[in-house]
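Have a look at this one before I ask anything.
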Amino acid sequence: MLIETITSVRILQLVSWVVFFPLIGLLINLVIGRKLGERLSGGIASLASGLAFVTAFLLLVSLNSNPEAPHVYRLAEWINIGSLVVNWDFRVDTLSVTMMLVVSGVGTLIHVYAIGYMHADVRLNKDPERYTRFFIYMNLFIMMMMILVSAESYLMTFIGWEGVGLCSYLLIGFWFEKGKDGVGNAIAAKKAFITNRVGDFGFLVAMFMIFLQFGSLDFTRVFAAGTPTGELGKWVVIGISLFLLLAVTGKSAQLPLFVWLPDAMAGPTPVSALIHAATMVTAGVYLVARSAPIFAMSAFGPDAVAWVGTITALFAATIAIGQYDIKKVLAYSTISQLGFMVAAVGMGAYVAGMFHLITHAFFKALLFLSAGSVIQGVEYGHHHAQHVDHHVEFDPQDMRNLGGLSRRMKVTFWVYLVGALALAGVAPLAGFFSKDEIVTFALGKHPVMFGMLLLAAFFTAFYMTRQVWMVFFGNARTEAAEGAKENPPVMTVPLIVLAVLSIVGGALNLPHVETLQHWLERTIHGVHPAEFSFVVAGVSLAVAFGGILSGWFFYGRKHWELGQVDPLKKLLGPVFTVFERKWWVDEIYNVFVLQPYKDASAILAEPIDQKLIDGTANGLGKLTGLVSRGLGLLQTGFVRTYALMIFIGVAAILGYLITR
Amino acid sequence: MTVKDFLSLLPHTVLLVWASLLLLVDLFIPKNKKAITAMLAGSGLLITFILVLRQWGGQSLAYHQMVVVDNFAVFLNGLFALTGIVSILIAYDYLNRMSIQKGEYYVLLLFSVSGMMLMASAADLIMVFLALELLSIPLYILSALAIPRSESAEAALKYFILGAFAAGFVLYGTALIFGATQNTALVEIVAKINAGGLDTGLLIVGAGLLLVGFSFKVAAVPFHMWTPDVYQGAPSPVTGFMSIGAKAAGFAALIRVFTLALPSFSAVIAPLFAVMAALTMIVGNVAAVSQSNIKRMLAYSSIAHAGYILMALVPYANPAAAANATASALMYLVVYGLTSLGAWAVISAVEKVDGGDLGVHDYSGLGKRHPWLAAAMTVFMLSFTGVPPLIGFWGKFFLFRTAIEGGYVLLAIIGLLTSLISAWYYLRVIVMMYFRDGEVEASKAITINVAAVGLAVLVLLIGLLPTGLFNLALQALANGMG
Amino acid sequence: MNTIPMSYFLVLSAIMFSLGAIGVITRRNPLVIFMSLELMFNAANLTFVAFSNAFGNANGQIFVFFVMVVAAAEVAVGLALIVAIFRARGSIDIDLMSSMKN
Amino acid sequence: MTTAINPLVILLLIPLVGGLILWLIPASRKNMLRWVALVTSLTAFGTSLWMLAQFDADSADLQMVVKLPWMNFVKVAVNFEIGVDGLSILMVLLTTVLTSISILSSWTAVQEKVKGFMAFFLLLEVGMLGVFLAQDMILFYVFWEFTLIPMYFLIGIWGGERKIYAAVKFFLFTMAGSVLMLAAILWLGVFKGTFSVPELTNIFGLLPGTAWLLFLAFALAFAIKVPMFPLHTWLPDAHVEAPTAGSVILAGVLLKMGAYGFLRFNLPLFPEIAIKAAPWFAFLAVVGIIYGAATAFMQKDVKKLVAYSSVSHLGFVMLGIFALNPLGLQGAILQMVNHGLSTGALFLIVGMIYERRHTRLMSDFGGLWKVMPVFGTLSLVIVLSSVGLPGLNGFVGEFTILTGAYTSVAINYTLTAILATVGVILAAVYLLHMFQHVYLGTVTHDENKSLKDVNWREIITLAPLLALILWIGVYPKPFFALMAPAVNNLVALMQPYLMAVK
Amino acid sequence: MLQLTPQLIIFFSVAALAIASALGMLFSRNTVYAALLLVLNFTTVALIYFMIGAPFIGLAQITIYAGAIMVLFLFVIMLLGTEVIAKHGPVGFQHIAAAFIGLVVIAEAIFVFLIKGQSALSIIPGGNVVDVMEIGDLLYNQYLLPFEITSFILLVAVIGAILLTKQERVKSRIGKDEAKK
């Protein structure tokens, strides 16, 4: 009976509840959250997210037994003007359900973790009032993410797409009065939003082109439309794919729009884990996977995607090597891993990309949360070491200030290690399988791509090793690190769950079993699994170990001392500086984009608007006044002049009249 | 002279006799009781007004074609009589405050009004000339009423010299037209012209010279230059009176002679009108912008308004627009008259004994100190600007409509753009009254305040239902001579 | 034929009229200005009388009669005005009467 | 369709009567004056709802038409002809809503000359409603010009430091455009024999040159009012100097009169010219979008920033109108409503902080969200609505407009729409810049530390706007449904010309 | 072709005298001379009137104009003692401009009257004499109304003359304020 119920197709109609549960949660917290107290407030939010997960799971079960896809459920009409018909339609297929599961699953764990984390965080930042607000934002995020993945049309996807951007903005700026000069976080939030908007611009233009070409924005109708004919049609599809790529680079932090993600680490750590590692940033990957039929029509759109992903993967990895901030390293690592995913979907390896998306969600969320655990543990130590009246600037995220935490925060250490190894691609952890699949695809695609991805993988292993050693091994380099202590179970339990998932996640799509492959094939047609090759697997495993070994070579043999120069810098010199300074990308943007825009605006606002345009308007007035005074000069006051003027008038009139 | 002749000119005759008798009666009225003179003068005008109204609908040439009584004349005569009444209301308090209260003021006013009425009724060029003198000479004297104030003397002398100068052109023009047609009666002239075979050179030069004289009276460019000085120098109620009276009389003659008697020359005259109208609108409005004295500003504005009326008269011979041309001009004379008299009433109320508080900036704070006067002034200024739904808008509306109907779109656009410029200086008065603080004081006399507020109410009310006025103006042409 | 063309009279009157106008424009003394005005009126009168003769009717002469009366009236007012101004200011120079301008 | 008691006439009368009642109340009874004004405006709002109830959304026709003879001179009749259709009904509702809100917002902000303020406001409402309801060109012009007077006084008497400059500039600029419009109206009336807009629709037999001139005369009047670049320069001054309620109405309704004018006159009267002019106007609209955004970014005064943002937003509206397809037009009309709500609300929040601090410079603020959390949250929603965040009203309008522009046959340059889309990015730039400087960061000024959060009256003032912002964002269907038939009608009117031109 | 008949010679001489006296008035520095030259002009014009059959008007011209009005002028000149006023005013271009425009107007008159004129009218010296009877008849019949109006004009002029020249016993407040300034 029960089985029958949950496998029936009617269960799929529940899909809108993945949106409504978080909405209800956020409304409850919005209205009475402050009165509920922290536990209850956080609990409700987590429950809302958890119920969304349950719903998603029910969908999974039902969908499994109702393979005829896709299922579309209409909630309400939305826009219906002429040929533009867009409705609040939810789409249930394997791809969307997969994303829902990842989002709500990881999301719920992070919610639970945040109950503990935020309890401490709001006190450290001296504003406990803001606790509820955090969970409102988090539920809003889950809701928006659910809209994004469950949408049946590009436009509805876009709502979620920008909605999660908003949540990102709000959560990066959660401590809006903190950061550099008191506005650092606010500026980081703004940067994230605006950079994302640049990507969204691409999304919008892509939508216009889709609408013009296919006459609809609904996935079903667009994908069913078939390849446009003619030269124009060909270029339109290329345009669509390239503008979608722009959207992807914004949301998934790819070159050249990745710059916001490192700064986004200003948000509370659960946010970094959920939004800026596990879910939101992968929306770009999802978008490409979702738009697979369009990319399939496009001549070189997929290649562009693949190359952008590949270059980003390598580029970000190099930067990660030169960072000292524990979260920044992870941020660049995220960019790099997103590069892998984007490269994968670009190569047509949609399943591989999705697979990596899922595993990455597990281990990167794990890493971030663990980093948060580290930070809070160290903050705790810092506060205990601190005397009340004098406050020394201290950065608990700077790895140079840490060290030796493996002894003080044992759970955190072990789960971190799991995450790091998974990320490095050590078999049989989750990361190995997913990354290996991508690398295998790359070999088939282009040798250079293959080489670059391998190099990125090598760097990944290297910087993770560097990080683990700097944070957890050696001696505690500051008092704070000395006094660090393990966090409560509400935080560590989710970590352990995620660690387990990071270990076993690879089972989702084991070679030759390929559960995920078969599951997603129902939605994304025409993808084939990569032929598993022991050679490639061996090479990639070797690369991982090579990275770890060289990492150990530089950072493991000799413990880091406070104030020392990075050992790698001695070896690489200026090259390392390039990594350390992030290839000066921010500076380049500043010189070539921001400053010119500011200058142009200043010119428009002052010389053009005030002087030229307003000046012209006022000048016309002044001119009238001038002419007026000029006419006044004729009015001499002498009656004889007036008589003369009359006489002149007479002469003129007579002159005119007699010549007619 | 027959009884019919006498009855035709009954209002004029009554007014002239009333004025002469008032002159005698005034001798027996003590200096401090000139209110009686004022009231007697007012009642004379009222009686005249009633007599004028009774003539509506009839049409007759009288006194050997010297005068004509038609609706056109009646319409304007009514306007003149009312103008006279309002001027008395405005003047009485003003003259008291300035200590120049004289019974002769009212007598001369009545004579001037009768001159204007004769002008509107004149059907012979001799009558036009004599009426012109009868209306002008009292105005010269009234302008000089405030002597020894130097502005008054200056204004009177300038007005006199230039007025006589212009009258000379009228006279000479009349002589030439007489020479061309052997006649001075308009009906005969029309008949002669229609018969053909005339010395058109003489005729057209004569017409040109008449135009000069009339343009002087209505203050059209380039015969406008007396206006600012005279308006500024003459006592304010006198200025108010002549701003509408003299202008309307000038237009009465202009319309009578040119549109009714000489339409056959329209091909030659219309371009002349057009150029003059354009120049008048531009010069009047632009020059007003830089004025700081409110009387001078309104003088330029009066020039500008003459330009608008002239603009509507340009297509006077175009059969499609002719009726509307004259009707809209007549209507605008009423519109301008109501608004202008009102504005001058306020100015008279605000003016000080020493001639102070005549600057636009002196009106600062009037809105607070004298809300009624200020509100009235606001209405007048907005009406001058042509903001709906005030009467000024409808006046301009019909004028521009006529110009466009007659095919002079460019002229209409010039008019519209210059009325935009006019908004600038009219608004400045409102700015001063409401947006600036000041300690301005104004007369609290009931007459002048009633005149100002009453006119404002009229401007507002007629503005809501302007049809009646325009239809009246149309009917004024229904039985015109010619 | 011992007639004189009408146009001669017209030109003569035009010249006199113009001279009068020039006088109004150029002279500073208002008395002379008045005289110049009288000259202008006089020129117009000449035209009337000449036409009257040419047409053989008396209407033009009647007109002249009226003009003379009006001229007399104007002169009376004008002279009175000058007297009043002279009393008030001690001068009748019209160029000094130019305080209102622009 | 005539009903015994016509809502439109009553709607026009209510504020007028309210104004007269105000006149009878002594000036010293300030609260009574406020209540009377509020009740009047709410009654007007109620009447507009009644009108909505009577409105048949499936019909493209003018409804509730009243046609009374007003003037009849010689050949051409001027009628008191009013009616409402899909193009105007939302504008009427917007007017009544915003007037009530504006009056509520000036409850404490206006303490001097309350009587005059409220009376002018109600008069202004009469004028605005008249503009949207009038179906006779002369009547339209009368109402159009009439709105100038109350607004002129509202700016001039209750305005800021440079109020006189701003008031006069506002008056002169608007009049500059409308005088030429009057010439065009007169020309049409005289030579086409009627002033009635429905009768004039799709007039034939105009020479191309004449049609162009008439079109431009109308367009100039409306473009100044909208305002389109480069005729916008009166707007920042007027907005900054006007009292809060005045700015709300100015941005919320008066600017819409310009855009509405294009819809009501330029498109139906001169379809062929409109199609030919579309690329040029679209170009100007896009320049306005980007120019307004860039200029807003440089402003130091919050109110000025919002003012320039109007230039940018109205650029979208104009782009939508000249897309000349259902998408663009419906988007434009909705965006007119949206801009009224969002920018009106923005001016309200600026007014609220101005009332507390008597400054509007961004440099005087910072960290307000911390001090005034509720206010900060409300502001954020409003700012995001203005940014065009999906799920809020601004996005629906902008997206439909941009899609319309992109697919427009009349504009025919897809680059136009793409450039306009850049405006979406730039809007985020200047608005978030403002939000950061005013609300985020630390509290930099001690005066700001003790600021009171919004009170209930202020929340009630903002609440209807927020509700509408969310409603339109999530479920705009009823709004689109109201205008769809009329817009389709308009498009159908242009269709033959569109075929001919392309 | 122009034939110099005696009538023409007389006309030209008289016309020359008229123009010369007018010019003399125009240029004379002394107001008294100007007045006397104007009298001469009026008299010459009266001569013309006699010549072209308008004896009544000629007589009136001499009595009213040359006699009464000019005496009035001389009277005022002497009363005020303002015979000479400096010739050159503050507006220098005035004379040249006036002369130029005057010449233009004269040229226009010559053009329209002499060159372009189609009028075949001519004057018969000594002919078409209008006697006083005829004038009186016209004046009291056809021109009764204008005649009456002129009387009112004269009345107004009288009132004006008295009003303007009457010395107020009690000076008006304006006068006092003016004096204080």
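Odds and ends about this structure:
Order of writing sets the chain letters: A, B, C, D and E. Residues in each chain are counted from 1.
Keep this in mind: a residue touches a chain if its C-beta (ideal position, glycine included) is under 8 Å from a C-beta of that chain, and two chains touch if they have at least 3 such contacts.
Values in this document were obtained by computation on a predicted structure and should not be read as measured data.
Touching chain A and chain E at once are the following chains: B, C.
Taking the mean of all protein Cα atoms as the centre, the chain whose own Cα mean lies nearest is D.
Taking the mean Cα position of each chain as its centre, A sits at the greatest distance from chain E. Inter-chain contacts peak for the pair C-E. The geometric centre of chain A is 37 Å away from that of chain D, both derived from CA atoms.
Spacing of chain B relative to chain E, judged by their CA centroids, is 30 angstrom. Our note on geometry: chain B versus chain C, Cα centroid distance of 26 Å, whole angstroms.
Remark: chain A and chain B have CA centroids separated by 78 Å (rounded to whole angstrom).
Multi-chain contact residues of chain B (touching two or more other chains): 126, 130, 133, 137, 140-141, 144, 147-148, 150, 157-158, 161, 165, 179, 201-202, 205, 228-229, 290, 424. Contact with two or more other chains is made by residues 89-91, 94, 97-98, 102, 105, 109, 112-113, 116-117, 119, 121, 143, 146, 150, 153, 156-157, 160, 164 of chain E. Listed for chain C are residues 6, 10, 20-21, 24-28, 34, 45, 50-51, 54-55, 57, 59, 62, 66, 70, 73-74, 77, 81-82, 84, 87, 94-95, 97-102, each touching two or more other chains. Pairwise chain contacts present here: A-B, A-C, A-D, A-E, B-C, B-D, B-E, C-E [touch as defined].
Those residues of chain C lying in contact with chain E across their complex are 1-12, 14-16, 18-23, 25-29, 31-32, 34-36, 38-39, 42, 45-46, 49-59, 61-62, 64-66, 68-77, 79-84, 86-87, 91-93, 95, 98. Note for the complex: chain B touches chain A at residues 157-158, 161-162, 165-166, 169, 201, 204-205, 207-209, 211-212, 215-216, 222-223, 225-226, 228-229, 268, 272, 283, 286-290, 421, 424. On chain A, the positions that touch chain B within their shared complex are 621, 624-625, 627-629, 631-632, 634-635, 637, 639, 641-643, 645-646, 648-650, 652-654, 656-658, 660. Interface residues of chain C, counted against chain A in their complex, comprise 21, 24-28, 94-95, 97-102. The part of chain D that touches chain A in the complex is made up of residues 169, 172-173, 230, 232-234, 291, 294-295, 297-299, 325-327, 330-331, 366-367, 369-370, 373, 384, 389-391, 395-396, 399-400, 402-403, 406-407, 414, 417-418, 421-422, 424-425, 428-429, 432-433, 436, 439-444, 474-477, 480, 484, 488.
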